[in-house]
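Two complexes are shown next, each including subunit A; its partner changes from subunit B in the first to subunit C in the second.
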Partner chain A sequence: MRFLAHLHRIDRRWLYVATLVLMLVPFVKPLTLPAGHVSRTTRAAFELIDSCPPDKVVIIDSSWDAGSQAENRAQLEAVVAHLCRRKIKFIVTSLGVTPLGPDFARDIIRPQVERAGYEYGRDWVQLGFVQGVAGALGPVIDRFSRDLWGLYPRDIHNTPVEQLPLMQAVRRGADAHALCCFTYAPVYEWISFANAQYGLRLVFGCMTIMCPAYYPYIDSGQLAGMLVGNVGAAEYEALNGTAGRGTRLGVPAAFGNGAVIAAAVLGNIGLWAERRARRAAA
Partner chain B sequence: MTDTPVIWLAAFVTVVVFSYALKDSYIYRLVQHATLGATVGVTVVVTWKQVLLPRWWAPIWAAAQGTAIDPATSRPDYGGLLWLLALIPGLLWYFQLSKKWFWLSTLITGLFVGTAAGLAFKNQILLIMPQLAASIKPLNPFVRPDPALLYGPAWPEPGTPAAWAAALNNALFLAALLATLFYFFFSVRTDHRFLQAPRRFGRLAIMVCLGAMFGSTVMTRMAYLLDRLMFLSHDWWQEQVLVLLPRVWGGG
Partner chain C sequence: MRKTVVRVVTLLGGLFFVLEFMLPAELRRPGADRPYFTNPFSPWLNLATDLVIVLGTMAFLLGPINLIRSHFGNLVRWRRGAVESAVFLLFLALGLGLAGVKEFPDLKDALGLAAASDAFQSGYNLLFYGLMSAFGATSMALLAFYLVSAAYRSFRFQSLEAGVMMITALVVLLGLVPLGTFLTSWLPTELQLPTWAAWIFAVPNSAVQRAVVIGTFAGAFAAGLRLWLGVGQKTE
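Right, the complex of A and B next:
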């Protein structure tokens, strides 16, 4: 019992070291875990994008930078891999969150579209960054939905959008088959303006910490699908039959989460033993 | 190899930041301030290059030089000069720095607050109304609900175990919803012993929600750590150290 009571008093720095060592193991010796259950939100996102007809496009709003690349990067990689495999045409935007968004997106997208033989302007287009006020992106998203050409008169290479063949079919954001927004916390204006007013179907790719805020919108049908952190990316890759960054990060994440759960259980056992010992002594 | 110095610098900064877990140090604080400064600098440059230059300054400059052409009339278009007017509301913000002229800044502040309030009103209506409708869920496992009134996944075949499970799930949702709302109901006394149970259940539902949020917070922090570990192990160790060291030692 005395030994158990010590579990409650382990220096937390030892727990940090133990967690770090466990998470490093898969980097030293690569391990794989069996593909587990795919969540309803990821499956819905995959099926929505997979059902894109040949005459439609998917819009990707990639509004992340170094601050949230830990999870948004794997999500964007997974969805672009799917789009390239299915030869679905797509447009990339970066609305209002970070001016670094287009650069981070281009670094991820360019190698994949080059491998897939996509031609810029015909199969994919990057429109760049549009400034917006954080928390008040409503007017920007409203214009995006009803007048994409007006919001983006030129693409990121300064080419007028009317000269890009792909843009002929998409004068409004609402003309797209679906929109996938990858950022730390997608703004609610996507739901209230793009979806509620213009009927654009939405997929959110957010950091895990933000997902509890969006689940109610999945239940109500306001969101068509959602990728939750790296787990969502790994699930998406499993559906797509690829093994990218999400899958690679899944194993060390499982080790790390296991260490945290073990520490919580051991700490509680220690607390229980300490109280029991104190009661026995009294 | 052009990225080599950047990767080595990023690896150094990453290790220094991690060192804070052991002890605060002068070099940690130096790196912290340098990172903040670099972030602000990069954001200013990128905002100018990607936003202000192409969308604000370029139309003004083209109109001033007479190189902007109206496609309808093929004559010079001087409309771009109107973008200069954007300077007026923009400069009003800076009157916050003056005690005498502070009132001028309230014009632009009021405009922004009013706009934001109007947008928030519309945003909340469009956001919350479907939520209210979706919170009305079928509870009878023997009846197929009208699909037009059903939100979320399709309802299972009536009378099947799946329909029972869906009905129970909806009943639990409804109980948690009402109990949570009741927990925050302060207009009447709720300390009667018959009202304690729903209050307790409401608190339990809130705790479950907060627990899920805390769990997702831990997972996000883990993802941040993993991102850096992956950078150190792959981009730096495997692609830099293991490639460069044999060349240095082997003289290749």
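Right, the complex of A and C next:
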């Protein structure tokens, strides 16, 4: 009992070491856990993109950088793999969050489109980054939905958009079949401007920690689907019939969550044992 | 005088967006060829959006400009932390130079650096992927360790509310990863952890989030209204 009481006072550095060791295990000894369950939000996102007609375009807003690449990278990879498999044309933008978004997106997209035989300008286009005011992206998103050519007169390679064949089909953001926004926490202005005023169907790919805030919009139908962190990416890959980064990182994430649970359990056992010891002493 | 000008500009700017949204695009009598009213603000909306983008860019530049002023002052006066300031300014100049040369080929040619393209690309890759991307990912990865430490200290069964929170966290943590499916795959679907986690997100979480969002946006609306109308601000 005395030993159990000490569990209440473990030095946090031992917890850090234990967490590191636990999360390294799946990298040292590759393990697989069954994907099994696919959430309704991921399934809805997959079905929306899968239902894209051949004459329509999907817009991807990739506004993540190094901080959230642990989850957003896998999400973008999974969705781009789906688009390439179905030969769906897409446009990549980066609206207002981080100027590093286009670089990170290009590194993911370029190898996949080359393998799929996509031609730049005809099958896919990257428009680049547009600065907005933090907390006030509404006017920019409104312009995006209403007048995409006006917001992006040139693409990331400085080519006028009127010279790009793919852009002839998309003069307004609202002309797209759907928009997928991958970032740490997609702004609500996408819902209040792009969806509410222009009817653009939205899929969000966000960090796991931010996902609870978007469930009301899933229920109301304002958000068509959502990829929740790495798990969402793994589920999307399972629906697409691939096994990419999301599936690979699901096991370390599981071990990490296990470490959090183990820490909570240890703390409670220690607290309970200490109280019993104190009552026995009294 | 300055505050009055700021207030007037704020009022007019907000008024533009409010009126542009509230007024109809056009009003037309039945059977008429031409509308008798068209929204006078809509033609200016694109210009207003361009101004928002320009303002955002200016705000974005404020941070680096202040950093340069602060660290350059440190360096020139050789105050405490001058070495760190020198390192910061060196990497800032290096990053700007490499990115500028990479993004603007004409600049590269003008500086006679076309022959060293590969070197510049390697240097840029080293700074971007080797340093910046790695540091960014590392700083976020540290959160995992803080989370474990916080869970150890705060997830204690000391009251009914704390217990409910802990059990909910347990279900959600396990339900969100394949571990939950692995542990409960032998149960019927309705009793598996991912199903419970999905229910927690869809029902109690959604209800609370709706309440929070209504309160947050009501407060944001009030704060925005105060800012727009200049209510409660000090006068000269």
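In the analysis below, the second predicted complex is superposed on the first by the 282 of 282 C-alpha atoms of A that agree within 3 Å, B and C clash if a C-alpha of one lies under 4 Å from a C-alpha of the other, contacts with A are read in each partner's own complex, and residues count from 1 in each chain.
What we mean here is this: a residue touches a chain if its C-beta (ideal position, glycine included) is under 8 Å from a C-beta of that chain, and two chains touch if they have at least 3 such contacts.
Note that the structure is a prediction, hence the values are computed from the model and not measured.
After overlaying the two complexes on the shared chain, residue contacts for A:H37 are found with subunit C alone; subunit B is out of touch.
Looking at the shared chain after the overlay, A:T208 reaches both subunit B and subunit C. Residue contacts after overlaying the shared chain place A:V260 against subunit B and subunit C alike.
Shared-chain residue A:E189: touches subunit B; no touch with subunit C. After overlaying the two complexes on the shared chain, residue contacts for A:T159 are found with neither subunit B nor subunit C.
When the shared chain is aligned, subunit B and subunit C each come close enough to touch A:A70. Using the contact criterion defined above for the overlaid structures, shared-chain residue A:T242 touches neither subunit B nor subunit C, since it reaches no partner. Contacts of A:Q131 after superposition: both subunit B and subunit C are touched. In the superposition on chain A, contact is made by A:G229 with both subunit B and subunit C. Comparing which residues of subunit A touch subunit B with which touch subunit C, the overlap comprises 16, 20, 23, 40, 69-70, 99-100, 103, 130-131, 133, 136, 139, 208, 211-212, 216, 218-219, 228-229, 231, 253, 256-257, 260. On the subunit B side of its complex with subunit A, the touching residues are 21-22, 42-43, 46-47, 50-51, 54-55, 112, 115-116, 119, 122-127, 130-131, 133-134, 151-153, 209, 212-213, 216-220, 222-227, 229-230, 233-234.
Subunit C contributes residues 17, 45-46, 48-49, 52-53, 55-57, 59-60, 128, 132-137, 139-141, 144-145, 147-149, 151-153, 155-158, 166, 169-170, 173-174, 176-182, 185, 192, 194-195, 198, 201-202, 205-206, 209-210, 213 to its touches with subunit A in the complex.
Contacts from subunit A toward subunit B in the complex involve residues 13, 16, 20, 23-24, 27, 40, 69-71, 73, 99-100, 102-103, 128-131, 133, 135-136, 138-139, 154, 158, 188-189, 191-193, 196-197, 207-212, 216-222, 228-231, 248-249, 252-253, 256-257, 260. Across the complex, subunit C is touched by residues 10, 12, 15-16, 18-20, 23, 33-37, 39-40, 65-70, 96, 99-100, 103-104, 130-134, 136, 139-140, 142-143, 147, 150-151, 208, 211-213, 215-216, 218-219, 228-229, 231, 234, 250-251, 253-261, 263-264, 266-268, 271-272 of subunit A.
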